[in-house]
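Note that the chains are named A, B, C, D and E in the order they appear, and that numbering of residues resets to 1 at the start of each chain.
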Amino acid sequence: MRDPLLSIEDLVVEFRDPHRPGGVLRAVDGVSLTIAPGEILGLVGESGSGKTTLGKTILRLYEPREGRLRLKGLDITHLDEAGLRPHRRAMQMVFQDPLSSFNPRHTVGEALAVPLRLHRLCAPSDLAARVARSLEEVGLRPDFADRYPHQMSGGQLQRAAIGRALTLSPELIVADEAVSKLDVSVRAQILNLLRAVQARTGLAMVFITHDLHVARFLCHRIAVMHFGKLLEIGPTEDVFQHPQHDYTRALLGTLHAREARARTPS
Amino acid sequence: MAASRRAAVLLLTVLAGAMVVFFAMKAAPGDPALSALGENARPELVAAFRRLHNLDLPVGEQFATWISGALRGDFGRSLTLAGGVPVGQLIAGRLPVTAFIGLYALILAGVISMIVGTVAALSRGTALDTLMTSFAVLGVSMPDFWLGYVLVFFLALNLPIFPSYGFVSPSDSLPGALLSGFLPALAIAAPMAAVFSRVLRAALLEVMHRPYVQVQRSLGLSSSFVFLHTIFRNALIPYVTIIGLQVRYLLGGVVVIERVFGIPGIGSLMVDGAFGRDYPVIQACALTFLVIVLGTNLLVDLLCARLDPKARGR
Amino acid sequence: MSRLLEVRNLRVTAGPLAVVRGIDIDLDEGETLGLIGESGSGKTVACLSLLRLLPDGLRTEADVLIYKDRDIASLPEREFRPLRGRELAMVFQDPVGSFNPAKRIGWHLRTAIARAGHDGPWRERALELLDGVGIPQPAAVLERYPHQLSGGMLQRALIAMIVALKPSLIVADEPTTNLDNIVEEQILALFRDLQKRLAAGFIFITHDIGVAAQIADRIAVMYAGQIVETGPTADILAAPRHPYTRGLIATANALAARAETLAEIPGQLPALDALPPGCGFAPRCAQARPACAQPQPMRPVGPGHAMRCLLDA
Amino acid sequence: MTEASHVAGISRRGVLGAGAGLGVLAGSGWSGPALAAPGVLRAAITGYNVVNTLDPAAAALIPEFYVIWGLYNGLLKFDSQMQLVPELAESYRVTDDGALEFKLRSGVKFHDGSVLTADDVKFTLERLMDEATRSPNRSKVSALSAIEVPDPLTVRLRTAEPFAPLLTFLTNARTGTQILSRKAVQADPAGYGRKPIGTGAYRLRAWEPGQALKLSLFEDYFIPGRNRIPEIEIPLIAEESSGVTALMGKQIDLTSTAPFADIPTLERRPDIKVLKQPGLNTRFLQLNTRKPPFDDVHFRRAVSLAINRDVLVRIVLFGEGVATPALIPPSLTASYDATPKPLTTFNAERARAELAKSKYGAGTTGAILTWGSGWWKRFGEVVAAQVNQVLGTNLTVEVTEANTVFSRIRAGDYQAGTWGWLGMIDPDEYSYDLLHSSGWRNFAGYANPALDTLLIQARRELDPARRGALYKQSEHLWIEDMPVIPLFCSNVHNLLASNVTGFTQLPYSNFGDQFATMAIG
Amino acid sequence: MRRALRSRTLVVGLGLTLLTLFGVIAGPWITPFSPTEMDFIAVLTPPDMTHWLGTDSFGRDVLSRVLSGGRVSLFISLCGVGIGAVLGVAAGMTAAWRGGMFEVALMAACDLLFAFPSFVLALFMMVVLGFGLHNIIIAVALAYLPIFARLARNLTRTLMHEPFVQAARLMGQGGGRILLREILPNIFPTLLVQASVGLAFGIVMEAGLSFLGLGVQPPMPSLGVILADGREYFTRGPWVLTMTGLVVSVALLGLNLLGDALRDLTDPRLRQAAGP
């Protein structure tokens, strides 16, 4: 087995929640898993299962309470913002709501140029061309660079968001319900794009979703989460064919029922 | 648990407020003894003055004496008024007056804003709405003390309906207090009513567009039922909240208006104290206002908790 | 079965914008129509307009609007209001938002029960209703505030309120979209149960063709304010005719089959203020031809099956 | 609807609660002028809201005396023609050995029930004379060398030198010689100012500091009378204009002062009676001769010459007064010197010439201390404007609170201030007190041996005409040095509601002494 | 209809505000009279063609004084609100971003200042610092500091967890850069609304303090000083008080309308209840 790109050990994330006894919500509760380079790991579970929290903690957007995060063997669990900055490039994110993942006051072109400028990845004179190329890579015309987020559709923005994540040539992308807010007829476009991008660049991806169909389509491995705990993890078809956990079975049951009825409508 | 925590926070705030009030005043330039007695005052008189007002103690001890006295309602003696009258006595005599005027203004503002806000929301987009909204903006644009004078000019001097000056204590005569307090309360209430009615209008419109209102209409409930039980009731939450937030502005208005109308309340006492640099009086007044605001906030929070089940237990 | 609802050429406009551009709906008693469409296709607005629940600024027109042999288009609001709840009812997408957060569940049920004209103690009736929609410990639930219950529970409670009113037509607007998979499955089961228990007609709005497949007798697919295809569920799933319907079903099938790449519908949904002149789908359609720039009428393509497209015509 | 009325319910309870709380708390004090309680005279003191003490010996401010006059009596008093008549004394005479002998009325009772004796008179005057009392009016009695009490109803006063003003100083005016009860003072010497015990027609019932006082009729008052007003409420209204508003709105029946600007309007109103006459006062610019820039006589003269007093009267007083060439006001006819004096007559050219002689020039800065109520601030502003215009100086007005002004001027912590005593009744008070090197009101720090001698001579002179001549002479003497800059004399006013009768106004602006004769029609 | 109403609010608000600004800035060139020079001949003359708002008790032109006093009052309010806003926003944004004890302490301090009625706080400060122009500015700033600090902190906290800010962090942007570049432009409109409303209330506060005699001291004209003078001669010359107050009301009306219009125009996601 290859060395893991990212390894997570006994990760615990807590939030303050005055409504709960003890005043603490344990959103991620002792999760351990590894992500190999170039694999797509599906993180499935229902709302409140902690999958988004886990995804954002991997990126150190949240501070883990316990446990360890290793990026290519390097412990990044408690690096501060400055210490983290050199490693930020390696890990990017695509968010659920494409509109709110762009600053409404900046054009899409500016949004794509910032990381390039910040990490000095290209000469100022090449910036425009480089942004245009990034847009084209995700299937957008270069003239979208001058648009403001509210002037674009959800699908277009999500393409731009993927393009922005790719500018830094990351090794890992966390995609958090990246298609669930999109129109049904546009979802397939983005799923195809993600798959194509992964195939082309060989990056690893954590794909967070509640849609089992989508997870099964895209992911190499599946991790099932429930109430902050990791219930099971395994190659996609293993999990789908031979679920180990009762909860996984119940979850998959909804899928099978739907499929069955779709084939033989009442 | 929550209640005791709340009480602790409240007490801490009062204590911190007392410290701010006390030490800020101590930092003010000038010796209170000399400013009260004059710079050429004889040393033994100055010494006696300092002893009387505890000024001979170290500052920390002065504060301890002051705060422990304050807890018992003893705020020391006035430096200027009637040759050193106990400040606690002054405050006790005037607090009910300020409370009455403040409450009166609050009720007036509440009644006016409920009418204006509701009418504007229900007639949204029409000329009536524009009229009501304009009145609201105009109301918040008039300095309250100026409005007080204009009201006196028209409603007390030209049309002798209300008394032009002074105040009847409600303990002497409640109708008299209501009558003599009307113009000052109205002058304070006008800008408040403007703010309140805008908030109520916005809140009503906001609640009207909530899905549960649509659900209730889809069940065929009558519009008056939906308005009273759901729209108006739920709009009261932000409305009451804003009233709580605005109480501090309202009390600010009370200070000026009391002076303008010669109402013997805490506000005019504080202004007199400010003129005379009467530190004990100013400290006590500021602290009293602090306690009033905190008390009102507590009341508003309790009321909000009654109105909004989600806010309970917080 | 008798005809419950007949709608011809229903149009909803917001100022100069047409949100619903002339749709026809026929519904029999005991029948369930699945109305499929993406956000902005006008499906929700069309149904809200049937109950006259549209927000200010939206105008409804229809050539024919007949409910139970009554022309309800011309009814004044005073006479229409009693129909809401008792005859036409609606389940909304957001169960949490459907409840007045300041009132207990008991208050909501009491209100519904009173509206149903029920005599006698409301409490027993409420417990009975909650029990009927599968809510455990109904007595405790009556004392709860909405925020203390899960979305699934609230959706059940809302359904219980509607059951109390025994309406003849129930519009369900994506009632499971905001719910988790397992709960969604349970609510769908509850709807199927209701279909058996109540002799009501259902209009079930969804964007998920799989959900429609489970629950609907007939399906109508909406795109850009129009119904582009309608027919019996089995026919539509087995042999979709409109390119848009075909695209949706192909995508769903490809996902389920874990194909290498998904069948895409290229392009974006048209904006309301930039609708193409003829077929709304033409700009995204691989088979579009010049004639598509003309408005297309619904064409019958099979028994009870019609579509709005030049293909195969 | 239930929710709305619920809110109202809380508020209503709140109101009642506040009312009930007030009943408990307000027992100690007074809470404002009543609207129209029957049998209550609402006699407002306007322009002031500071009353520090009701001890005549300690009193300094005019509002304090306004009240004291109603609570106490002097041995003598002024009648409506400003003639001296006995009050607590039944009669008085000069004895053969030159002593002043007073026979007291018998059976006069103090508010605490004790009976007035000659011992109380002796106590009162000795207390006033005592340095420790620190009375602002000590100088009025400092000439006394002995006080004899031959019997309980006789008092003999002896002075080392003849002391002409003594009789006027024993009236119930702004004198501090109002007779106290020895018993009451000795019972609580420190707190006496808050619990005054006099022989007057009214006794103090309640005192809300800074706000109002309440008097009630003293049933055992020694002058019999019927239908006296049982209650007097004395609201203290800081702004004169508010006093007028209150009177016009019928919230008060009488005010002690009126804004000069409003007099013409008020005189035309049928529902208000305006009493007015030239007052016993002189308003002047108090200078501190120990501090720059007023330590230079030429600068002082320049300032005086730069002020046009007629304009001052018109602008500051709206015509309600007259310009005065020196300190002694026109009402004191025997001593008043009407001849214009060059140094107190507007002369821009000469002003600039004096400025040239002084060590200060154009651009000199200085602050005129004044207070924010009524016309005093205007007084300062107009003076500063005039002087700056003529001399090119940069005088500013410093506005603070009256008590502070008083303290600071008394302490010498000032450069200049608007000043002027109201209700001084003897030329000696306008001269000796203000300008004698040991005069107690000599805040200028002025000392002129020749003037000192002259003023003492005037004190000893018992003949009114010769005494008057001495004062006229003294004014020519000090005016060259200009330790104070005399400016004008203002009218005194009282405003009454038209149904109020029995108020006799005297030029020293009396007030509380009229309560006993007043009636509300 | 609503759009039209909104833009009408904007037009009227902006118009009145610009008129006010023009008046106070160009005041000396608009009226031929000096705001401080006394004319002892024309004392308390009613409004006429020469003196549009009449003269005051020293014969000074009321219009000139109102324009010049307006400048003083506006200056005080602008400086006070400006200082309060800059310091408050800086503190509030930093507190939200850094969290921890700094945030707790700052918010506790804000809560404490909030518990005093704002005018009482200002009055108190005037006693501590002494009367006068500079000290009113400090008092106004102190009254506004907690408002802006709390507002900026709450807005920043809301935006901090927005995906676009998280995206910025992932791109490797530093805290200061994110606050200035990503967050500030988005909260700025809301702060501007608060500032415009605050500017209006700052003027009222100055007027109130000076009206009582605790603020700006004569002969410097400020709106409060003019109103106080007008009150003194209200019976003889009611126009001084009435007209000055009317002008103040119109100016404040402009600011408040402008604030309303701006509030409507700002992103509804950021809308917050703002006090005066």
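Here are some notes:
The rule is short, and it goes like this: a residue touches a chain if its C-beta (ideal position, glycine included) is under 8 Å from a C-beta of that chain, and two chains touch if they have at least 3 such contacts.
All figures in this text were calculated on a predicted structure; none of them were measured in a lab.
The chains that touch chain A as well as chain B are C, E.
Separation of chain A from chain C in touch steps, taking the shortest path, is 1. The greater number of contacting C-beta pairs, out of the two interfaces D-E and B-E, is seen for B-E. Averaging C-alpha coordinates per chain and comparing to chain E, the farthest chain turns out to be C. The geometric centre of chain B is 21 Å away from that of chain E, both derived from CA atoms. In whole angstrom, the spacing between the mean C-alpha positions of chain A and chain E is 47. Centroids built from CA atoms put chain C at 53 Å from chain B. Residues of chain E found to touch two or more other chains are 213, 231, 234. The residues of chain D that reach two or more other chains are 245, 248, 372, listed in rising order. Residues 34-41, 78, 80-83, 85, 89-90, 92-93, 95-97, 99-100, 103-104, 106-107, 110, 114, 152, 156-157, 160, 163-174, 176-177, 179-180, 228, 232-233, 236, 240, 259-260, 262-264, 268-269, 272, 275-277, 303, 307 of chain B are the ones touching chain D in the complex. Remark: chain E residues 162-164, 166-175, 182, 185-186, 267 touch chain A in the complex. The touching residues of chain B, when paired with chain C in their complex, are 125, 209-212, 214-222, 229-230, 233-234, 237, 307-310. Partner chain C is touched in their complex by these residues of chain A: 46-47, 153, 155-156, 183-189, 191-192, 195, 210, 212-214, 216-217, 250-251, 253-255, 257-259, 261-262, 265-266. Put simply, chain D touches chain E in their complex at residues 239-241, 244-245, 248, 259, 261-262, 265-266, 311, 314-315, 318, 372, 374, 377-378, 381-382, 384-385, 396-399.
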